[in-house]
Amino acid sequence: MKSLSFRQSGSARVLPGFGLSMGISVLFISLVLLLPITGLFGQLAGLSLAEYWSIVTEGRVVASYAVTLGAAAVAALINAAFGLLLAWVLVRYEFPGKQLLDALMDLPFALPTAVAGITLATLYASNGWMGRLLEPLGFQVAYTWVGIALAMAFTSIPFVVRTVQPVLEDLPAEIDEAAMSLGATDGVAFRRVIMPHLWPALVTGTGLAFVRSLGEFGAIIFIAGNMPYETEITALMIFVRLQEYDYAGASAIASVVLFTSLALLLAINVWQGRFVRRLHGGNS
Amino acid sequence: MRRVGDAPAVRGLLILAAVLLSALFLLLPLVAIFAQALSSGVMVFWENVSNVYTLHAIGLTLLIALMTIPVCLVFGVALAWLVTRFRFPGRRILQTLIDIPFAVSPVVAGLVYLLLYGRNGWIGNFLDGYDIQLMFAWPGILMVTIFVTCPFVARELIPLMQAQGTREEEAAVTLGASGWTVFRRVTLPNIKWALLYGVILTNARAVGEFGAVSVVSGAIRGQTNTLPLHLEQLYQDYNAVGAFSSAALLALIALLTLATKAALQRRATRREAIL
Amino acid sequence: MRLPLALSAPFTRTALALALGTAAAGATGTAMAQERELLNSSYDIARELFAAINPDFVEWWQEEHDEEVSVSQSHGGSSAQARAIMQGLRADVVTFNQVTDVDVLADAGLVDEEWQDAFDNNASPYYSTTAFLVRKDNPKGIESWDDLVQEDVELVFPNPKTSGNARYTYLAAWGFADREFDGDEEQIQEFMRQLLANVAVFDTGGRGATTSFIERGIGDVLISFESEVNNIRREYGSDDYEVIVPPMSVLAEFPVAVVSENAERNGNEDLAQGYLDYLYTEEAQRTLAGFNYRVHNDAVVEEFADEFPETELFNVDDVFGSWDEIMETHFESGGMLDQLQRR
């Protein structure tokens, strides 16, 4: 395996365009992504380590981490289940309105987050279309962390659907046909034969959705209620610091979110890469 | 032959669940937007849409999107080519770096641009000496829009190009094709749908971006006001119908791009079927 | 004048002409061609106010100086606007709702140090106070600040950390308690703690709070500027809501200033000065009163006497000292507000 992948990578240099694509990529990443981020660290440089620590561990900020992480986790789990179901239905079945359903999946990306926020708050408030149905049953959505999770789930659902869908499409029919012809039930064949192929995409999509939820502001703020210690999200804490002209404080909290997210994304990329290598025997 | 989930009962149940949940979760908000926009009648909707400030906001928003797409396209293809066709140290890091925009809250993204290119930032300060203003003018809006949208094309292409491998391209090169020909004749046909989908996502996000743009725009009506900013202002001014009219426009732009994609896709599959 | 050719409006206009057809471009084009243009940076809820004032000003300037000018508006949170100007938004004048936000610009050297002396009444051509909006027939019998701390009363006002208008709410309540308890710090804090505990939703801005109160039906009392609660009542039905002006409240100034550095650069010094002077004319004061702001012009005050109930307004300086001190003691991280909300 090792030697194979080495040979592959050697022969890959046959392809042209290394210099050009490297040049464009590095230039772009440096100018557009890294250079501005240095501004963030420039702000941090003005803080001592103790100051930094006391900003990012202040009680209310810590409470906001808990709210944000908790709600994002719930949203990610909902999205994992819902996203898998949707991807499955969109790939495997033919039915009237399928194209419409497919198009609908991209809506959360296309809608400005503020619009999503206003609309969701309108729908789930106690006098909204949904709120009126749910409230008598004892579910309060708007102004609780359930509302936060809902808004997060809404803005990040396409990540799961759009990562799982292509993998499911590429899955050869023989795989599950073979299992079925050997007498496996739907459940067993799905769990044993199909899921192993879907896991990486599902985890990647769910991970991306989770990361997206950590930074979301516009869609959440209208439905959150923003009560100290209960429904304040971390993005709001950053926003508050900005209002106080406290760039260093804002940058400090933003850096916590940034590092958490980047670490998660790196983990996803490494894991995904390892998986693809396993699948294609070093052909990545 | 029978495949998993082919039993009519399972099939029906799953489709029903998917459709119902989507309707509740995704379609209902969309309907609510149009319901609110048209709640005072078509005429009021039209008046709001044809307002001179709204028209300017639409124009600026589309213009920014039009300028963003080619930049993201070139970058996305170059990066995807680089990380999927060559192995070199730092490849994985590079791939993670392009996710920075996903990891940075849009408001913070706007802020870092402001701190660098604003009058107190070191680049901004330098440019100010030549009376060049980037922030609070359209170049600033374009810059942050490129920042938040640049991962989409690359993210769509990388997994696909990774899965497809390099054999076809290597064969073409061995047969003496030039780099550009290989890309146009071999790679492009393979990635065109992913490319298109990346462009559509880029466009959708570029048109709808609010957080980052709100920091660097200054929101001067008739000058630097994009449609999402305009919408928020109308909402602030107790003009819910006006706000949702703009929201409906944005939703329409989104639906239009999605419909275009579906139509192109269908035509292409039909042509392939004929051949 | 403002920008080099490549980055300035003509390019946007040409491109827009391609995107939109000539109609819209023509409309924006003629407005911008050659004539001097003033940029006013202002707070969020003042959009309609200045949309009404600006055409009158343009006419007034034309009569006085025989020159055609135009006025553009940039609106946002008062602090966000100040931040934008420091980072290069080329506003000629500011019309804010927070004294501190003009002070920030003065500290940065963009506005004259002595800006409060540049115009009458502390450079505040109009003012307001903090008032209550309650539901029809005032079911909870809210008349003053001490009614707000009863156990069964729910309040809606934005987060004082993100909203200037909520800072006034906080200060007004504190000022009331200060008198009520004769300066007994412990009792004042207990009063404030109860008040904050009664808040049902902390929106980030005034508009969000209004939506929560009106459209979501949350809370018994919405607290905001008097001008704003009247505006809301007119907008959402005079029969369903009542405005209560408490017998004692805070004087909220709406400071204006010329951003001298920008005005000079844009060649608009006289225009900027003229614009702010205009806000003190009888005509502008009448427009302002029409938007439920309290004004200084005697004739207009008399004319609108019925609209503004008499109430005792205290000056924040008299109770709290300077705005710098207020921000530091009460609103900064770890300050009094944070302590009162800590659990």
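For clarity, chains are labelled A, B and C in written order, and residue numbers in each chain start from 1.
Criterion: contacts are C-beta pairs under 8 Å (C-beta built on N, C-alpha and C of every residue); 3 or more make two chains touch, one makes a residue touch a chain.
Please read these numbers as outputs of a predicted model, since none were measured by experiment.
Looking at B-C and A-C side by side, the one with more C-beta contacts is B-C. On a Cα centroid basis, the chain most remote from chain A in this structure is C.
The geometric centre of chain A is 16 Å away from that of chain B, both derived from CA atoms.
Centres computed as Cα averages put chain B at a distance of 36 Å from chain C. Each chain gets a centre from the mean of its Cα atoms; for chain A and chain C, those two points are 38 Å apart. Residue positions 115, 121, 235 of chain B are each in touch with at least two other chains.
Residue positions 122, 239, 242 of chain A each touch two or more of the other chains. In chain C, the residues that reach two or more other chains under the touch definition are 80. Chain C meets chain A in the complex at residues 77, 79-80, 83, 104, 159, 161-162, 199-204, 208, 211, 215-218, 331-334, 338, 341-343. Residue ranges on chain B touching chain C, taken from their complex, read 52, 55-56, 58-60, 62-63, 66, 114-115, 118-121, 124, 128, 130-139, 214-215, 218-223, 233, 235-238. Residues 1-5, 7, 10-11, 14-15, 17-19, 21-22, 24-30, 32-33, 36, 74-75, 78-79, 81-82, 84-87, 92-109, 111-113, 115-116, 121, 143, 146-147, 150, 159-160, 162-163, 165-166, 169-170, 173-174, 178-179, 182-183, 200-201, 204-205, 207-211, 228, 231-232, 235, 243, 247, 250-251, 253-255, 257-259, 261-262 of chain B touch chain A in their complex. Interface of chain A with chain C (complex): residues 55, 58-60, 121-122, 125-128, 142-143, 221-222, 225-229, 236, 239-246, 249.
Of all residues in chain A, only 9, 11-18, 20-22, 24-26, 28-29, 32-40, 42-43, 82, 85-86, 88-90, 92-93, 95, 97, 99, 101-116, 118-120, 122-123, 129-130, 153-154, 157, 163, 166, 170, 173, 176-177, 179-181, 186, 189-190, 193-194, 208, 211-212, 215-218, 235, 238-239, 242, 247, 250, 254, 257-258, 261-262, 265-266, 269-270, 272-273, 276, 280, 283-284 touch chain B in the complex they form.
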